[in-house]
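Chain nomenclature is as follows: A, B and C, assigned in order of appearance, with residue numbering initiated at 1 for each chain independently.
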Amino acid sequence: MLDSTTKLALAGAIALGMATGAMAADKLKTGFVYVGPVGDFGYSYQHDQGRIAMQKALGDAVESTFLESIPENDSERSIEQLARTGHQLIFTTSFGFMEPTLKVAKKFPNIKFEHATGYKRADNVATYSAKFHEGRYIIGQIAGKMTKSNIIGYVASFPIPEVVSGINAFMLGAQSVNPGIKVKIVWANTWFDPGKEADAAKALLAQGADIISQHTDSAAPLQEAEKAGKLGFGQASDMSRFAPKAQLTSIIDDWSGYYTGRVKAALDGTWKATDTWGGLGAKMVVMAPFANMPDEVKAMAQQTTADIASGKLNPFKCPVLDQAGKAAECKGGTALDDGQILGMNWYVKGIDDKVPQ
Amino acid sequence: MSPQVFELVLLTIVTASMPLMIAALGELVAERAGVLNLGVEGMMIMGAAIGFAAAYLSGSPFIGALAGIAAGMAMAALFGLLTIGLAINQVAAGLALTIFGVGLSGLLGSDFVGLKREGSPHLYVPGLSDLPLIGKLVFGEDGFVYAGFLLVALAALFLGRSRAGLALRAVGDNPHSAHALGLPVRRTRFLAVLFGGACAGLAGAYLSLAYTPFWSPGMTAGRGWIALALVVFASWRPWRVVLGALLFGGATVLQLHAQAASLGLPGQLMSAVPYLATILALMALSAGTRRNAAAPAALGQTFVAPR
Amino acid sequence: MRIDLEPRAGRSLALDIGAPAGALAFAILLGGIVVWLLGKSPAQAFMVYFVQPLMEGWSLQEVAVKACPLVLIAVGLSFCYRANVWNIGAEGQFVIGGLCGGWLGVVTHGGAGQGAIGGWWIVPAMLLLGALGGALYAMLPALLRVWLGVSEILTSLMLVYIAELGLDYLVRGALRDPKGFNFPQSVTFDDAARLPFLAEGERLHAGVALALLAVAAAAFVFARSRFGFEVRLVGEAPRAARFAGFSDARLTIAVFAISGALAGLAGICEVSGQIGQLVPTISPGYGFTAIIVAFLGRLSPFGILLAGLVLALTYIGGEAAQVALKLPNDMTRAFQGILLMCVLMADAAARYKIRLVSGSGA
């Protein structure tokens, strides 16, 4: 019995496989590698939203597949699997995929790769990231205006430059409207553990924080703020459905424009191994609707958003003072340069804490 | 530290400890019957997924909690079939159960990602709940907390004072003598495992219904494994589970509070404290009483009735 | 209703092979039903999952690379489990092995310490350090059991978390790449600190050969040596072993040392062969998965080799199914769970005559 069914199955599968193979030949196959589940409603979810939008925009010209929950230390094989199965453009969307991506790219010089949030490139490896710190400057300003206790709680993940520069931009934004403001930072040492993130938020609320900002992926800290009748900000996606009364706004990672543009470039043959670091201006960072705040704060936030997008305002415009009050070298002319922000491991003046080592 | 902050810290510790305490209590009873179930994480996450789904569909956290318990018990029944019915090695079956549970919960829960419920209602006794310091702590918790403590009390009474509890311990210490005395070894073990599953499911439901009221894949984040450590730390005594859970939960929470209060301590060291404490407790126990007297003697051994 | 088990008098080869094969078929059938419920073609899923990865050279290599740590660790564990010693902390020994060996890769980066003698010694020294680190770390639960009678199941498990946190701490601190923008990872190793690859430009590294060597060595030890006999005797007939004058303590330490060393070796093979640098987590749970591999392989070296390959296939096939059929990742995991339970049940069927009896009883 087993024999006849397997034979049937094999015949069917071969026929199906041939059919899909033939169809795929004239399409550009794109692949995406995610570090978390697409259902995390945070970082990986947003990348997948970008993929879906790209697929919608370009329609029949492309085919896209993704691999989710890929452990960073065992990702080389997963990336290679995409390369081996006819994918022509592969996006690897987490920092830990950097070395594996480069290794696979070396082996497949004719396939194009794009690595998010890293700093190493090759002829066929582009990098891209978003200037999340621009959004953090805006939410800092909002927090500075909205706080009554003058204490802001900040749930942080790991002390990598992206997070540290985010804290600094937040503080600079807050200080621009409220010089006496204090920020308390708790390192949860996780990107995703709802329970622990909630506990971190509770600890900050207990220390008198009345606004919770977060750089971890779940909606738990924001939900804690709502439960306590306080305010907060979402992370990565619009989390207002989890905390309609607490979410002031959210810094949304919007990859749809970038993915659509890059896949189009690959279709047109104009793709190059570029380094893209876009912010509000490039619409890679988008602010969720400003809510739960008075109109004048909303107007201020909208103005700041417009100013940063147009380049009129730079969150890290010089002078940027360190904790000792010494101005950082102004490598970018009027503001810190990208390298300084991408490697940031020190706090600005006014943060009463140490970067953990 | 002001009294309000102190109360808040205590409240956080209680909520952080609760899932550990409930899951560990269930595992404790199973282990006292001689069954080591390493599938706690898998049963727990199934409880979280099914509990949330049921509560979302029915609108009732109570039904959600019951569904979480049922999910945990179903997983435990599978484990019982393998290890007790078929005498399969408990370590292997437990690990397989966890892999299965993590995958299945993701599949079943996929339609419920990104949905939100209100948290579970808290008790409110006019007057008493507003007492300073202890008001919220004693009279203002959610239903899970009271259920958890009730379970501990019942389990302590059952194991320590009842005939059935004595039989259960006998089965865990020496199934062959227990069998010779006419005790139903396999039935006892199966029931103990079911109880363990029910507790793990309830602990999981607590996570997705009260602790952080949403479902997200992988949200147990290793708490099932900590519950296993906790049983040992508690040297297989129910009331010590309460103490241990408060310590384990407390270590995590206090670490976060210490950061919020800007006392610099390395996070990894603080996170390692519970595990180090467990090993030290084990050493102290074993040094005090020769050859692991605290542990059920037949823990982890399969039993096949002689004929 | 209850289940009665009657031990089979002798084990028959037909059952030993037939039962797991039947279990595999049954698990595939169950998986096929789930795939069908998800609205995909079970036949195509079967092809993508089990057949295609075995048809191409590169995916066969990937199966071998994925199976390598599982087999190395599980072979070590088989010594413990045969002797009724329950080391379930191989994950921790794996991490410490990777850390100790990887440390040498970090400090010799950029040609440091190579001087006139060159870098030929680095990889062997890394392997040695890895094995040594794993073995020493395994001594903690072993000595605690021998000296104080502390249950090794639980101490070895606890030590897993401590090892993971230690690696995390060092990679974020002392071992971090100073030029790496503060990102938590070490420098990438020089070529001199990378395990040689068995073919140019491929992923099949020398660790795979070590795993095969470990299988052969273990098979020899179990079949031919006095030590192997001792391990089996202590496990199967502890009382007889004691009469024979075998020391329980010495054996516990020996099997822990072997399994710790092999787990540590697997760790450094993964770090030096696969990853090429130290990162905060170096194992996606190999130490735990290997426990299952050990049991699926019935604690016999060749069985473990086979079980490791089958389990590796489910990972590779699972990813292929995600790519080709867009099956969710959780499907793969749930299927692995089903497969493991089916094979465990088949194992029970091979050992016992199973009868369903109505009415209740012990």
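Here is the rule we use: contacts are C-beta pairs under 8 Å (C-beta built on N, C-alpha and C of every residue); 3 or more make two chains touch, one makes a residue touch a chain.
Small disclaimer: the values here were computed from a predicted structure and weren't measured.
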Q. When A-C is set beside B-C, which has more C-beta pairs in contact?
A. B-C
Q: Tell me, please, which chain's centre (mean of its C-alpha atoms) is farthest from the centre of subunit C?
A: A
Q) Distance-wise, how many Å sit between the C-alpha centres of subunit A and subunit C, to the nearest whole number? A) 35
**Q.** Between subunit B and subunit C, centroid-to-centroid distance (C-alpha), Å
**A.** 28
Q: Any chance you could list the residues of subunit B touching two or more other chains?
A: 106, 110, 217, 266, 268, 271
Q: Mind pulling the residue numbers of subunit C that touch at least two other chains?
A: 328-330
Q | Of all residues in subunit A, the ones touching two or more other chains | A | 37
(Q) List the residues on subunit B that touch subunit C in their complex, please. (A) 36, 38, 42, 78, 81-82, 85-89, 91-93, 95-107, 110, 179, 183-187, 217, 225, 228-229, 232, 266, 268-269, 271-272, 275-276, 278-279, 282-283, 285-287, 290-292, 295, 299-300, 304-305, 307
Q. For subunit B, which residues are in contact with subunit A within the complex?
A. 4-5, 8-9, 12, 16, 19, 106, 109-110, 113-114, 116, 119, 207, 211-214, 216-219, 221, 223, 252-253, 256-257, 259-262, 264, 266-268, 271
Q. For the complex, which residues does subunit C have touching subunit A?
A. 25, 41-44, 46-48, 51, 56, 58-59, 62, 65-66, 172-173, 181-185, 188, 201, 203, 270, 274-277, 279, 281-284, 316, 319-320, 322-324, 326, 328-330
**Q.** subunit C to subunit B touching residues, read off their complex
**A.** 2-7, 34, 86, 88, 144, 148-151, 153-155, 157-159, 161-162, 165-166, 168-169, 288-289, 291-292, 294-296, 328-338, 340-341, 344-345, 347-349, 351-352, 354, 360-362
Q. Where on subunit A is subunit B touching in the complex?
A. 37, 39-41, 153, 184-190, 192-200, 202-207, 209, 218-220, 223, 227, 241-242, 352-354, 356
